[in-house]
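We just call them A, B, C and D in the order they show up, numbering each chain from 1.
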Amino acid sequence: MPALQQKAEIIRSEKLTDDICRFTVQAPDIAADSRPGQFVMVRAAEGMDPLLRRPFSIHQVRDGGLLQILLKVIGKGTQALSKMQVGQHMDILGPLGRGFTYNSKHHHYLVGGGIGIAPLLFLAKQILKKNEPSTINVLLGARAKDEICTLVDDFAGMGLEVKVCTEDGSLGKQGLVTDLMAPLPDENPAMVYTCGPYPMLRAVVGVCRDKNWACQVSLETIMACGLAACLGCAVLRADMNGYVHVCKDGPVFNADDVAWL
Amino acid sequence: MPALQQKAEIIRSEKLTDDICRFTVQAPDIAADSRPGQFVMVRAAEGMDPLLRRPFSIHQVRDGGLLQILLKVIGKGTQALSKMQVGQHMDILGPLGRGFTYNSKHHHYLVGGGIGIAPLLFLAKQILKKNEPSTINVLLGARAKDEICTLVDDFAGMGLEVKVCTEDGSLGKQGLVTDLMAPLPDENPAMVYTCGPYPMLRAVVGVCRDKNWACQVSLETIMACGLAACLGCAVLRADMNGYVHVCKDGPVFNADDVAWL
Amino acid sequence: MAVEQPDMKISIGSLRLKNPVMTASGTFGYGEEYASLVNLNLLGAIIVKGISLLPRKGNPPTRIAETACGMLNAIGLENVGLERFLSEKLPFLQDISTPLIVNILGDTVEDYQQLAKRLNEEEKVAALEVNISCPNVKQGGVAFGTDPHMAHAVTKGVRQHFKRPVIVKLSPNVTDIAEIALAVEEAGADAVSLINTVLGMAIDIDSGKPKLANIFGGLSGPAIKPIALRMVWQVAENVSIPIIGIGGIATPEDAIEFLLAGASAIQVGTTNFINPKATEEIIHGMGTYLREHNIASIRDLIGRARHT
Amino acid sequence: MAVEQPDMKISIGSLRLKNPVMTASGTFGYGEEYASLVNLNLLGAIIVKGISLLPRKGNPPTRIAETACGMLNAIGLENVGLERFLSEKLPFLQDISTPLIVNILGDTVEDYQQLAKRLNEEEKVAALEVNISCPNVKQGGVAFGTDPHMAHAVTKGVRQHFKRPVIVKLSPNVTDIAEIALAVEEAGADAVSLINTVLGMAIDIDSGKPKLANIFGGLSGPAIKPIALRMVWQVAENVSIPIIGIGGIATPEDAIEFLLAGASAIQVGTTNFINPKATEEIIHGMGTYLREHNIASIRDLIGRARHT
């Protein structure tokens, strides 16, 4: 899966909330090679400010060479991107990194928080190609209802069981996504696939260790190149002796391979 | 006429040619104080690249607090501005500088070249408030027809006599605007008001000296502030001993006050 | 207990300012140019265009060029000279309540001394900012600001003749800015301000010639902010007099970065050209930050990033 | 008579390159990373990430921060070390026709010498680029590149053990870069490359701490182009060996500016991250410029702005 650069036309732009939007772009070459958990680097503006590309998970791949990203406005780069219109072209580099690995031996727990839910939809779809919906549980957490209701529908539409919690209680249980994990039966062998804010990931990894579940985490760092060239995306290894690089060794890691600080 | 800063809504955007457009913005406070030959400084982008505001002549002032600029795409700043849409806001600073001075003693020759025609429409309108159309001659030069045909109509619509030449002969005589000046009768006292590329201005000033006509020129330089603060817009004085500043002492100068190199 | 009205006052030596936001020399004219755009009375201090003993014509055009997130200038220290400054520019500034800081420059230590002596007589001049760093003027060879001994000598000369605070403005075009800062501190400076512009150039590929008639010019604007911030940090590690941070400050966030790095005050330069209201917005935004972070005094920010 | 096929070849000492466009060390990995995006065989030269005798882990994160038209990095010279470079990275590069230049770094003159000695045995290594300027590594105190004597010593050490061209890469964080350039020329360098990154920093105003774990980092990207161009000009005025220009080059126009200022070749750094195809586009665009200006050889551009 060599990385490719493409000026991808925006085919559709959905505004899920005030600050979350979903773009569907025409990027056949990149889409063809993409696997769940991989990401793309997107240029935020034509000028030099902001300078660097921004990383986004591949949210979904659709027939006809379509690729989706789910984008939350954080700062000026995502702000500029969120204003892009259907018909304009996004400068996309990808697919990048190592995605999730999955097989049919496990029960699959997809655990996402906030915008971290983005790569899990693609993952669910791929797992379902060889597995029954009953082998998958989706556990989602968010700050409030509007942040995830569209996504909950998307998972449910695949016939999956989705458990939801929100911090303000506006959808599902009030609480954190780890609260949804605790009461789960100790199905084994199980694989947890998780993506979300760092404190959530750390908590999820803690629960997995308690339950003796294998766990893959998708990590975020600031990135300059996404191509393993700048070495900017370093994360401490589990043995505390040196670093792994999120854009090349990840973004998906076995939870046991990285240090949890 | 103190300078003011205003986020002016774009009310209308006309594409006169591939690379010339006319914007009409709602800027009542700036428009109210504007005089022909003055200019505004416009921010080209929200980010820091390009950084500096760009200077544009006040092309026209219209009832209802409307202000127009005529803009030719040259580089990245004008490129970005040319893409602005009705409903968006232009960050405008003005009115700035010293405009044309005119009175009823003279015969008025308005001599414009290319995008330099921009300030002359406003000037013609103001002169006409106290003078007959017959006291005004408009001489316009351009590379080709499409660059000026709309503007010719605008002048003609005021009942003015307009003589035109183009470098390619596609409208009016083939040649330079000074070719239109040479055969003119030596009406005196006459005042020439001119704006356009530097070589044209120098040639016009030469003809005026021959004919013993007074001449006001509108000069262009690179500008950072437009407010007489940075001292970046220096132009050599006629006595070669020091500099005048285009944004404060100009952009309109008596031709005899600046050096012609 | 929420902070409602954070204390924005800071001191530069004996000079008390209502807030830490100043205008940088050469980017705000003599104040009057911005009077219709900014409420001058709200500013912490106004620093005017550098003044020399005699008027200077400055460099031939082209004097400015735009660069990525920055600009080059080679104004060549054009200014009206001391006497016309006093007779034509000072009267307007007398009526503004904001403290006035005069930026001075000279070819020799004696020039600086004479300027200091005469300006000491003007009560309105609350402090001097000594420009020892301008890279644009070809005369006199090496800039004062690139040599600790020369920097020391100028500072001492001005110190002797000016009784109110003396701020020395440092050049970034040096291997070790802390060394220069130490030299001027030792010579009696009440504060240092930094950075002046970074020496740069640009070439017009159509004409094949440098864009600036002077060939070199001073780089300013957001592009240099990381360099300025690093130098403020380095100087803060080495001197104990107050530091005034300058370089690419465009927003309240930028200003706060400089305070956290060790500056007691900041100056806004190039940004005045792009957003004439920036100084006011920065003062306002810094107040908001203090309230949101429940910090009682802006002085609590100074150097905080170095202590955590 | 129109120029149809302009001559793009240039020389760096005995090294002949098909065009003057190289990739800057640390911004292009070991070449392989960009193989699917750029035709590596089209490049003038490939310069790989800096190699030390032993592997280095580099700095803790956060290692990068974005700034206005630039970025800061404090990678801390993480690299696989000489042996793994030879066994794991070199084989891929052997198959690329483009000359390979290896960037080397060390803590002592002896380190540099050992690297030079071993790399001299590898025919594929067409030249060395000696990094004497990295501002990120805390060890060893002052950087070699800020002192003419130390710069001379390293250059001489490498020169003795490496028979093909030796390029010394200069640090911009000095008062007088021409002085350093002269020192390394005298020590036998075949060329100088400049600039390495400019020391800078950024602060996170929410955490109140420096954004980089290392506090300081190197500023690169379009923001530094005017500084780099000025230094190339200054060095060109003082040395007679070829200069390789580096700093913020993003377009063919940028590259041409550096040649006009006196560079014989250029390197593209940070831009590789933003536009991976930039090197190819720059090669193509330089050719177009020569054709449009009817210039037969790219060598005719070198230093032209200094002679008109």
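Here, a residue touches a chain if its C-beta (ideal position, glycine included) is under 8 Å from a C-beta of that chain, and two chains touch if they have at least 3 such contacts.
The model shown is predicted, which means the values in this text are computed figures rather than measured ones.
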- Chain-touch separation of chain A and chain B, in steps, is 1
- Report back the single chain whose CA centre is most distant from the CA centre of chain D. B
- Task: Pick out whichever of the two, B-D or B-C, is joined by more C-beta pairs in contact.
- Result: B-C
- Message: Roughly how far is chain C from chain D, centre to centre by C-alpha average, rounded to an integer in Å?
- Response: 34
- Using mean C-alpha positions as chain centres, tell me how far chain A is from chain D in Å, no decimals. 36
- Averaging C-alpha coordinates per chain, one finds the centres of chain B and chain D separated by a number of Å equal to 47
- Query: Where does chain C touch two or more other chains at once, residue-wise?
  - Reply: 67-70, 221-222
- Multi-partner residues in chain B (2 or more other chains touched) are 48-50
- Task: Draw the chains as points, connect those that touch, then say whether the picture is a line, ring, star, complete or other.
- Result: complete
- Task: Show which residues of chain A lie in contact with chain B when the two form their complex.
- Result: 45, 47-50, 76
- Message: With touch defined as at the start, can you tell me which chain C residues reach chain D in the complex?
- Response: 67-70, 72, 146, 173-175, 198-203, 205, 208-210, 215-217, 219, 221-227, 229-230, 233, 248, 253, 256-257, 260-261, 289, 304-305, 308
- Query: Within the complex, which stretch of chain D touches chain B?
  - Reply: 68-69, 222
- Item | chain B residues within the chain D interface of the complex | 48-49
- Query: Contact residues on chain D for chain A in the complex?
  - Reply: 26-29, 33-37, 49, 57-71, 73, 75, 78, 221-222, 250, 270, 272-277
